[in-house]
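These notes open a run of structures that come right after.
The same subunit A turns up in both complexes below, where it pairs with subunit B and then with subunit C.
Moving on to the complex of A and B:
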């Protein structure tokens, strides 16, 4: 059989500040008809650029090497004229890009956006409307007739991504190019989209090129994986083989950096050091500066892909020694300490907290309507403890952080800090209290002022809270940079000159500058690469040990939470449905919602493909609550009418672990399937 | 939802207009001096002045006169002009032909302005940083830097004096056939188009460039859509919002603010009427023209609001 797609020697440069910067370098791979090929790597590795080139797309101010070839079904896509490209795009090669919200045209009904593709590729008018409805039904959108009439903003993220998949499938393409299609979606939604994609592939036999940073997603969906680093393909192998026997040091590091939702605390592992610095690439192996096993010759000798095993290629001349060397290093690492939740009086106590946003007025003269997004939530955090709140988007996690930070005034409920009830709004709080509670936000690109140098960013809280000036201030800032493992020369840099991980470190340093007792961390890792995530997690642990800081750690990532938190609260539609010590929450009995969340997490699994299954995506549950148990309408184990009418009782599992459910604990234990499937995977 | 939104905008527009009318009436009334003495001259007898005041109801309280004035204005009766007392000229009668002339010129200029703006902005955005964009931007900058009377004068010099294609002065009041009308309005209309479009082209170009870089445009291209569809159905509707507001303001400018251009071409429009009335302190005419112009301003803005609601489904669906 001939390959459907053959990429040969693909090299792409971008024009950046008066010089060409190499983004993709000599990448070659093949995709057979019906095969799913994954491209993984951290941000900046060139995977997305490679994917878009497959559609003959070239970013403005970029150049593709003239020797490069992207042969699709015998024709070189890179040499085709515009009209021929238009005939292939959308018809034979279709794209599912990363962000569904910005990908759909905001002013056009979604049905028409699908219709357009059909029209452009010569489907007659009468047939089109029917095909559109068929496609919408096929991607399992409810009520196709109604959905087709909607505008993108009226759909949830998961539904928007389904529309885009329907659009991509419209002309039954031979090749589907997917660029991080589930990044930014909730785990439950992601699980459903993955399941849909696998189903569609089986049914239509199309080939896929799947680009993602998420190794567990690749493990779930791809037949073969290519690992990219700094624009080069460094390893390529069938999925099972790659995860079982990773040969390249980079691949090993990547796999080790992924926290597991199924293993309590990470075993000893070698994390990736540093991060990709494009302006400091050596002429030889581009990974050498970050490689633990690099020889001097690695920096000067170019590494080409060599065959390590059948179908397994790797660009590292020491591939056969690496496993042995790695084992030796791991054995020298100290065992990670067992974390136990600290005892003592709580630092922060939250009792029956309600949070609300004020809605916009319906008309000029109407009163603003308040919408309750968090209901009767209670928890406490002790000094040097990490309490995590998990839940899907819209569950009210961030709202709780904003309320504790004093950005929102709660309509009712009590927040006690250091045995003192604290004022709702930050403006009414004392200077000391403002200093004690610090907030770190998700996106450092947006939370750091781009026109201030690091010195000023970190220095500001020092001026306000400690009245430091001049040399003193500078010394303290340098010390703080050191605390977050950044070089002190960074004081003069601007956020734009830092990488994403470094920026988040600066944001953390700014919070630390106030010498807080409590840090509110709102999704601070979600925008970062796995290796950076892993290093910031280490940093947070170290800081906690040094300074006894308590963290309120808000995250949708159950694996990260398991590796960091002491105690966990699971939030659904603004209500805590389960809470307890971390290992209690991650083992049975589970609240049905906790169980659904855990089952939706894909795993880097070497033995079998576990397809995560969930019943409904997050959006179907959002909106105003109509039932006594907020989860009733989505619950796969719903008992009956009682769930809708009677608030579920709090069942105490242990002294520290409790959940709200009508189902008896014993039955919950029996029904769960997640930990049972864990057993065999945890061993491997 | 959309009906409610538009209705509430309309209510707001009417309220604004009322506020404006109060302001206009009040300003005209507080002009210093005795109106009767000013109009009738120093030699007028006390009786004739009293008769004049009675006729204009000048001795009634201000709010009562405002109410009468407003009632009349709504019905198209703006009272009697203060100049030329012997002829009892109705303000409405002196405004009517001027309004007609201005409307013809305005419609003509606007009909040129919108397509020219969209076309040049699109070319500029599509060929960003390349030759066509450079040429358009340069010409634009020159246009932006030149005052409108210079543009008008240059056009007159070229088209009327040098090549004798069009008349130097606009004789719209005598024009009867379409050809005559076009003949007498083309030069002022082109001048106005240039004045208005220079700024709008820049604005639309920038917002188009932003939209063209968006992911939904890239998606539209990678769906295999023809180029014209990408521009017409995906780029322009989403880029139009900021340009729409300037277009609306320009529409209003065409009605009341073109005094200078009217002077250059000796065009008999509303603007020159307003200037003349100010010279002779003809309060009823000033009030009438000012009210008319404000109405157009408010209506044009209302129109822009409604258009952006129509173009943006986020505003019109919940």
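Moving on to the complex of A and C:
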């Protein structure tokens, strides 16, 4: 059989600040009809550029090497004139871009947007309307007739992505190019989209090129995987083979960096050092500066793909020795320490906390009524303990952190810190209290002032809380930079001159500067690459051990939570539905919601294709909640009317573990399938 | 090195800088080379045409127009720049504060500013001058204040719009959680990020200020004669526009050149700041 797509020697350069910067270098691969090929790598590795080139798209100020070929069905896409290209795009090769919210036109009904694609490829008017409804039904959107009339903002993120997939499928393409289609979506929504894609591929037999940084997604959906580093393809193999026998040191590092939701707290075996610095690439192997096994010759000798096994190619001359070398390094690392939750009096105690952003008055003179986002949440955190809050977006996790930080005044509930009830607003709190509780936010690009140098960013809390000045201040800032494993010379830099991981370290250093007892970490890893995530996790653990800091760790990533937290609370629509020691929450009996979340997480180490038991995306349950159990409408194990009318009782599983559900614990234990689904699940 | 740096600047910025440099040189050095003083009367026959003795002719009192134009440059520049600077600093800080604090404080302040903006430029200026009383009329400080009061609300609106966008950013959230005062947040967090927009606003306003002051002088409420203020000169000599056009066109042309120079300069500055910001974030 002839390949559907053949990429040969693809080299792309961008014009940046008066010189050409190489972005993709000599990439070659093939995609067979009906095959799903994955392209993975860290941010900035050129995977997206490669994907867009497959559609013949060229960024302004870029050049593609003359010898490059992208042959689709025998035609070189790069040499085609515009008109011929337009006939292929959308019809034979379709694209699903990353961010559904910005991809759809906000002022146009979604039905019309799909209609446009059909019209552009000459489908007659009468037929079009029918096709649109058919497509919407195909991507399993409820009530196609109504959905077609909606505007994008009336749909949830998952639904928007379905509309975009429907647009891409409109002309039954032979090849679907997907650029991070599930990044930014909730894990449950992601599971549904992946399941839909797998189903559609089986049904329509189209080929896919799937670009992502998420190895577990690739493991779930792709037949073959290409690993990219700094614009080069460094390894290519069938999915199972790649995850069983990764040959390239980079691939090994990437795989080791991914935390597993199925394995208890563990130390990563091999971490990737540093990060990709495009301006410091050696003439030889581009990965050499970060490679644990690099030889002197690696820096000067170009590495080309060689065949390591059947269908398995790797660009590293030491590929046969790497597994051996890797085990030696593992032995050098200290064994993972399983730490149990510390005992003692709680540092922070939250009792029946309610949070609200808005207040409504029935009439001008009526008392304002809070529109609750978080209801009656209680938990406590002990010194040097990590308490994690998990849940989908909109569950109120960040709201709780903001309330504890004093940015929101809670309408009711009590927050006690160090045995003292604390004031709602930050302005009313004592200086000591403001110092003891520090906040670190999700996106380091936004949380650091782009116009302040690092010295000022980290120095400000030192000025306020410890009245340091001049040389003293500078020394302390340098010490803090050292604590977060950054070089002293960084004091002069501005955030724009740092990588994402370095920025997050600076943000952590700023929080540490106050010498806090409690750090509120709001999704601090979700904007970072896996390898960077792993190193920041290490840092958080080390800091906790050195300084006895307690963390309130907010995350939607269940694998990260399992590898860091001592205790976990699961939040759904502003209510805690389960809480307990981390291993208790990750083992049966599960709350139905916890079970749904866990089942939705894709895994690297399984060869199974997941069969998620997710019924609807998060947004469908939100809005005005009328049921007594907030989860009743989405619950796959719903008992009956009782769930809608009677608030579920708190069932104590052990001294530390409890959950809210009508279903008896014994039955919950029997119903669960997640911990039983092992590595041997059938491949679909 | 300097040349290559200059090459990267937008052309409008370079042309603007050259025009401004020319005006600045004239303003500083004119007193040493101007052929006559600004108030010496009868150096020629009143309303004589341009000649080798009087490049731009003479006005109704027989004063040398060329000397008056070049000697007036420093007054015009100082008035325009200082008044706009006061307006930008006050308007900018108030706008940033208003955007940060929000709520009823913001609403009250902004509606008051809307009311001020609602009154036409000149009417508002005349109201203030009238209120200040006749003994202050023609005082430079009063003129600076008038321009500041008229411009500050407009600058405040721009600053507030910038602040509204900035206060939702996480670095402001973090500063709030640290318990920083509003003034500290305005100064440390907002101002460095708003400075680009304010600088451009300053330039545009500074370009209009000479026209504004000129109009006031034309109406007789600006600087007092015999100060060689360009607007005043246009007013004094307008009767002769058909006899000796040059005595009106010379100050008018000087004013127009300055406004064009300031606008080119600030337009180029805006582009240049935008470009360097883009490079820093990308």
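Just so we're on the same page, the second predicted complex is superposed on the first by the 656 of 684 C-alpha atoms of A that agree within 3 Å, B and C clash if a C-alpha of one lies under 4 Å from a C-alpha of the other, contacts with A are read in each partner's own complex, and residues count from 1 in each chain.
One rule holds for everything that comes next: a residue touches a chain if its C-beta (ideal position, glycine included) is under 8 Å from a C-beta of that chain, and two chains touch if they have at least 3 such contacts.
Fair warning: this is a prediction, and the values are worked out from it, not measured in the lab.
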Exercise for the section: Please work out whether A:87 is in contact with subunit B alone, subunit C alone, both, or neither, and reply first, second, both or neither. Expected result: first
Practice task
Would you sort A:451 into first (subunit B), second (subunit C), both or neither based on which partner it touches?
Solution key: second
Practice task
Determine, under the contact definition given at the top, whether A:38 touches first (subunit B), second (subunit C), both, or neither.
Solution key: neither
Practice task
Would you check which partner chain A:496 touches, where first means subunit B only, second means subunit C only, and both and neither mean what they say?
Solution key: second
Problem - Touching both subunit B and subunit C, residues of subunit A - result: none
Problem - Residue ranges of subunit A touching subunit B (in the complex, touch as defined) - result: 52, 55, 57, 85-91, 94-95, 97, 99, 102-108, 116-117, 120-121, 151, 153-154, 164, 167, 363-364
Exercise for the section: Note which residues of subunit A are touching subunit C in the complex, please. Expected result: 17, 405-407, 426-427, 429, 431, 434, 438-439, 441-443, 446-452, 456, 460-461, 464, 494, 496-497, 510, 514
Exercise for the section: Using the touch rule from the top, collect the residues of subunit B that touch subunit A in their complex. Expected result: 4, 8, 12, 214-216, 218-226, 229, 233-234, 237-238, 311-314, 317-318
Practice task
Would you mind writing out the residues of subunit C in touch with subunit A in their complex?
Solution key: 169-171, 173-180, 188-189, 192-193, 195, 279-281
